[in-house]
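As written, the chain order gives the labels A, B, C and D, with residue 1 at the start of each chain.
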Amino acid sequence: MKKLINDPQTVVAESLEGFGAAHPDVVAIHRDPWFVTRAGGTSAGKVGLVSGGGSGHEPLHGGFVGAGMLDAAVPGAMFTSPTPDQIAPALQAADAGAGVLAIVKNYTGDVLNFEMAAELADDVEVRTVVVNDDVAVEDSLYTAGRRGVAGTVAVEKIAGAAAERGDDLDAVVAVAEKVIANVRSMGVALTACTVPHAGKPSFDLPDDEIEIGIGIHGEPGRRRIPLAGADEITELLLTPVADDLGLTGGEKVLLFVNGMGGTPASELYVVYRQARALLEGRGVEVSRSLVGNYVTSLEMQGASVTVLRLDDELTALWDAPVHTTALRW
Amino acid sequence: MKKLINDPQTVVAESLEGFGAAHPDVVAIHRDPWFVTRAGGTSAGKVGLVSGGGSGHEPLHGGFVGAGMLDAAVPGAMFTSPTPDQIAPALQAADAGAGVLAIVKNYTGDVLNFEMAAELADDVEVRTVVVNDDVAVEDSLYTAGRRGVAGTVAVEKIAGAAAERGDDLDAVVAVAEKVIANVRSMGVALTACTVPHAGKPSFDLPDDEIEIGIGIHGEPGRRRIPLAGADEITELLLTPVADDLGLTGGEKVLLFVNGMGGTPASELYVVYRQARALLEGRGVEVSRSLVGNYVTSLEMQGASVTVLRLDDELTALWDAPVHTTALRW
Amino acid sequence: MTLDVAWAVDWVRRSAQTVTEHREELIELDRQIGDGDHGENLFRGFSAVVAKLDALPAEPADIGEVLRLVATTLMSTVGGAAGPLYGTAYLRAAKATGVTQLDSHGVVALLEAALEGIVARGKATTGEKTMVDAWTPATEAAVAAADGGASPAQVLAAAADAARDGAEATIPLVATKGRASYLGERSAGHLDPGARSTELILRAAAQAAA
Amino acid sequence: MTLDVAWAVDWVRRSAQTVTEHREELIELDRQIGDGDHGENLFRGFSAVVAKLDALPAEPADIGEVLRLVATTLMSTVGGAAGPLYGTAYLRAAKATGVTQLDSHGVVALLEAALEGIVARGKATTGEKTMVDAWTPATEAAVAAADGGASPAQVLAAAADAARDGAEATIPLVATKGRASYLGERSAGHLDPGARSTELILRAAAQAAA
C-alpha cells in the first residue's frame, strides 16, 4: 500500500486539520468530536443543512460546506459512518432556529447513526432525507434499498439553495425529496481502492475486467465484465439511469459525470461526451453539466454517471450562487 | 492498461469534444487544428494569453481558459507538445490588437514548437515567458534548465489578472516574469502513470519505493527512496523549494499543494498541513492556499508542493476574479 | 454459581483481545461482501473501551455499569452499521443487568435484551445474513441451557457454540440487510462478518465465565 | 549513378515502415530516459507523411518537393522535441535538393543541411546525448565517402553505419539537452531514442538507394 499518509489512524484528523487551515474563509473545523461547519455559522433563521458519512469520498461532504450549500458536515473514519456523538453536535451547531435537514446517504450505518444522533440532539428539530440514487442496486423489499452515491451532490446543492433563499424546513425537505425522486446514478470501477487501515485493495479485479455497478465504498459491484471501450461502458451506465428515470424525450436534465478519484479528467470528458450523445439520441436536452471528482472512493479508477431531471425550479436552484471549497459560482 | 477511453489515437479529440460540450458558457473548441479559446473570444484591446503543452495534465491548460486567465490553450497529443500549426492559429485567435503573451513550460519540445509557431504567426506580436519552477532539476549551463510544472497555474492566473485589468503587453510580461522569479515547486510520485499509446507504466517503481523530484510527464525523478510517511516526504519537497526561494522568515506566500491525478484529496490535505507547518516554522506566513488536482500526470499517484512569494500586487492579482472551468472566484 | 462485575470486566477485556486477534480476519470477511472495515471498526471501538476501563477511578458498581460503558464507547467510536447495533445491544443489556450478580437466567436476560436491541435498531430478522443470525440461535440455546439447569458458564458456552453454528450457517445465505445486500446473489458463499464477530464476543463471555 | 525522385519517395516509405516496426523499441528507449512518446510521435508523423504521399495527384517534381512534404507534415503532426527538429532538418534538406538527381556530393549536401537545421533549432553539440550524436558522425562519414569517390548508395550506407555507431556511443553519455537531461547522471547507460531513430531513417535512405 502506497499512500501519502503518516498513519492510518490519524489520516482523517490530519486531513481535516489541513482542510481547515487551507480554507479558513469558508469552513471552521471542530474537534473532539470532529465536524466541519461554515466559517460564519448558519445565518439566523435559515434552515440548517447537515450531511455526513465515511471519509474517503472527498470533497464530499466537507467540500460542500459553505454559502448556498451545507451548514455542517460530519466525517467518519475512512468509509465508516460517523458516530452519533459526532453528528449530534453538528446538528446543534447547524441549527439557527429554523430546524435542520439531515441529508443521509442510504447505508445502514449512516441511517442508524443519524437516527441515534437525532435522538440525542432532541433540542433540535431534525428532518431527514435519505438519498438512494444508485440504480445498480435492485430496489426491492428484500434489500437495504438503493445506495446513495453521486446524486447526493445535487441534493445538497439544490436543497442548500432552497434554504438560502429562505424556505422553511418543510419546503426545504420537499425540495430535497424532489431532487431525490428525480436523480439516478450508476458507476463503474476499473480498479479497486485501498482503505488505509485495511492495507490492501478493497476487492480483487483482474487486469482485463471491470466492475459495473460499484458503490463508493470500494465494495464490489453487481457484476464483472471484460474491459470494454469507454463508449460501450458509458452506455452500460447511462441506459439503466435514463430508463429508471423514464426519460422519453423532451426532458431537460443535469448530466453529471463523476470521477471516483483516480481517473484522469480527460477520461471523464470522454465519458461525458458519449453520455450526452446518448441522452440527445433519446431526445433529452442536457441543459446543465458537471464533470469532475466530487464523490470519490479514495484513489479508485472509475466513474459514475448521474442524471437529474430538471424543471424550472430545480434549474434555478442549481444555478443559484454557491461558495464552498469544491463548488463555487 | 485499464482506461476509460475508446482508442489511444482519439482520446484527446474526444475529451476535447466532451469538454467543449460541457462548458459552452466558458470555452469554445476549435478543431483542425485543435485548440481552445474563451467562449466570447478575447475582449478588444486586452492582451491575449496563450498556453499549451501535451495533454494528460488536465485541467491544465484548457481548464484555465476564461475570464481573468487564459484566452487560448493548445493541447498536444498525450504528454507531447502541440505542433506549430496548432499553436499559430491559437496565437492569432487570442490577439485582440494588444499582442499575445505565450506562457511556455520549459521543455525542449514546448519551447521549439512555440518558437516555430511565433515565426508562423508573424502578424501577431508574440512575447514568450518560459516557466521553470521545478527545483528538482539542477539548474546549470549543462542541462535544458529547470522544467515548468505546477507553478504554471500561478503564472497563468496572475498574468491573466494583469491582462484583465488592462495592462499592456510589456506590463503583462513583467508580471509573468515576476511570478516566475518567485515560484518554485517539487514533486513526488508514488506510482507511475500509463500513457494510452504506450500501454504500460512510464517507469517501474517497486512497491516500497517512491520517486522524488518527478516531473509531470511520467518521467522518472532525480532519485528513488524507500516509501516514507507523508510528513517526511513533504519535508523533502518543501525544504528545497523554500531554500531555493531563500525564504528566511517574514515573507507571505501562496502555498499550493497539487495532486498528480490519482491521489485522494484527503492525502493532499495531509501534505498541505505539514508543508504549512514547516513554512510557519520558518516564520513564513501562508496567506493564500490552493489544494487540488490542477497540473496532473494522468492517473499518477503523487503530489507536488509549490510556493509563490507574494507581495501586495501579486496577492491582489491572485485574488482578482477568475471564471474558468477549473478555477473560479 | 453466579457471574459478577469482575466477570463483566474480564469479558470486555477478552472481547477486546479477540477482536484485536481477529482484526484481519474480520476485515477480510467484510472485504468480500462489504467495505472491509468491520475488523477495524471493532478494534477501534474495543480498544477505546479498554482505555476507558483502565482510566476508571474505581471498579464499576454493577454489571450494568460495565455494559453501559461499553455501549456508550462503542456508539461514539465504532460508527458504521456495527456501532449503533452493538451499541444498542450493550445499552439494552446494561438496562437488564443493573445487578452485582447474574445467575443463569440473568445471563439469558442479558442476551435477550441485547438481541432485542439489535433487532429494534436494525430491523433484521433471521435469514438476512446479519449478526442476528448468530444472536438469535445463541439466545435460544441460552434459554434452553438455562431451562435445563445449566450454570451461567454453561449457558454462555452453549450460546457461543450456537453463535458459531449460526455464523457458519450464514455462508450460503443471500444478504437482504446491510451493505452485503447490495451484492445480491454474489453475497452467497461468504460468512457474514457481524455474525462472526458476535461469535467471538460470546466466546469471550463464555471464557471469562469458565 | 545518381538518386532520383523515386528514391526520395522510396526513402520516405521505408522510413515510415522502419519507424512503424521499431515503434515499441523507440517508446521503450524514451520511457527509460524520457517520457515514452518518441516511437509514437514518429509513427504518427510518418504515417501522416505516407497518407499525404498517397494522396498526391502527381509524382513530385523534384527531390526537394518530397522532402518539403515530409518537413511540413512532421512539423504539423509530430510535436514534442522531435517534430521541430526533424521538421527543420527536412526543410533545410529540401532547400538543398531542389533537383531531380543527386550525386554523391548532392547526398552530402542533403545530410549537411539536415544536420545544420537540427543544430540551428536545438542548439545541441555532440556529446549531449541527442540525435546530433548520430547525425554528426553520419555526415562526416558521408563527406569522407564522397571525397573517396563512393557512389550515392555507398555514401548513404557509410552515413547509416556511422549513425549506428554514433547512436551506440550515446549509451554512456550523461544527457545535457532535451528531456533526458532532467535525469542527470541517471541518464547514463541508455541509448538516446532520437539517435536511434536517426540511425533507422538513414538506414532506410541507404536501403532505398541500394
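The rule is short, and it goes like this: a contact is a pair of C-beta atoms (placed from the backbone, for glycine too) under 8 Å apart; a residue touches a chain by one contact, two chains touch by 3 or more.
Each chain and its UniProt protein: C, D = Dihydroxyacetone kinase subunit L.
Computed from a predicted model, the values in this text were never measured in an experiment.
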So which chains are sitting against subunit A and subunit C at once? none
If every chain is reduced to the average of its C-alpha atoms, which one ends up farthest from subunit B? C
Between subunit B and subunit D, tell me the centre distance in angstrom, where each centre is the average of that chain's C-alpha atoms. 32
With chain centres taken as the means of their Cα atoms, state the distance from subunit A to subunit D in Å. 54
Suppose each chain is reduced to the average of its Cα coordinates; what separation in Å results between subunit C and subunit D? 74
Residues of subunit D that touch subunit B when the two form their complex: 27, 31, 34-37, 40-41, 44, 75-85, 87, 121-122, 176-179, 181-184, 186
What part of subunit A is in contact with subunit B in the complex they form? 2-7, 11-12, 14-19, 21-23, 55-56, 58-59, 63, 188, 190-191, 207, 210, 227, 229-231, 233, 255, 261-273, 276, 286, 289, 291, 293, 296, 298-299, 301-303, 328-329
Along subunit B, where are the residues that touch subunit D in the complex? 33, 54, 76-86, 107-109, 112-113, 115-116, 136-138, 142-144, 147, 195, 197-198, 200, 202-203, 215, 217-220, 222-223
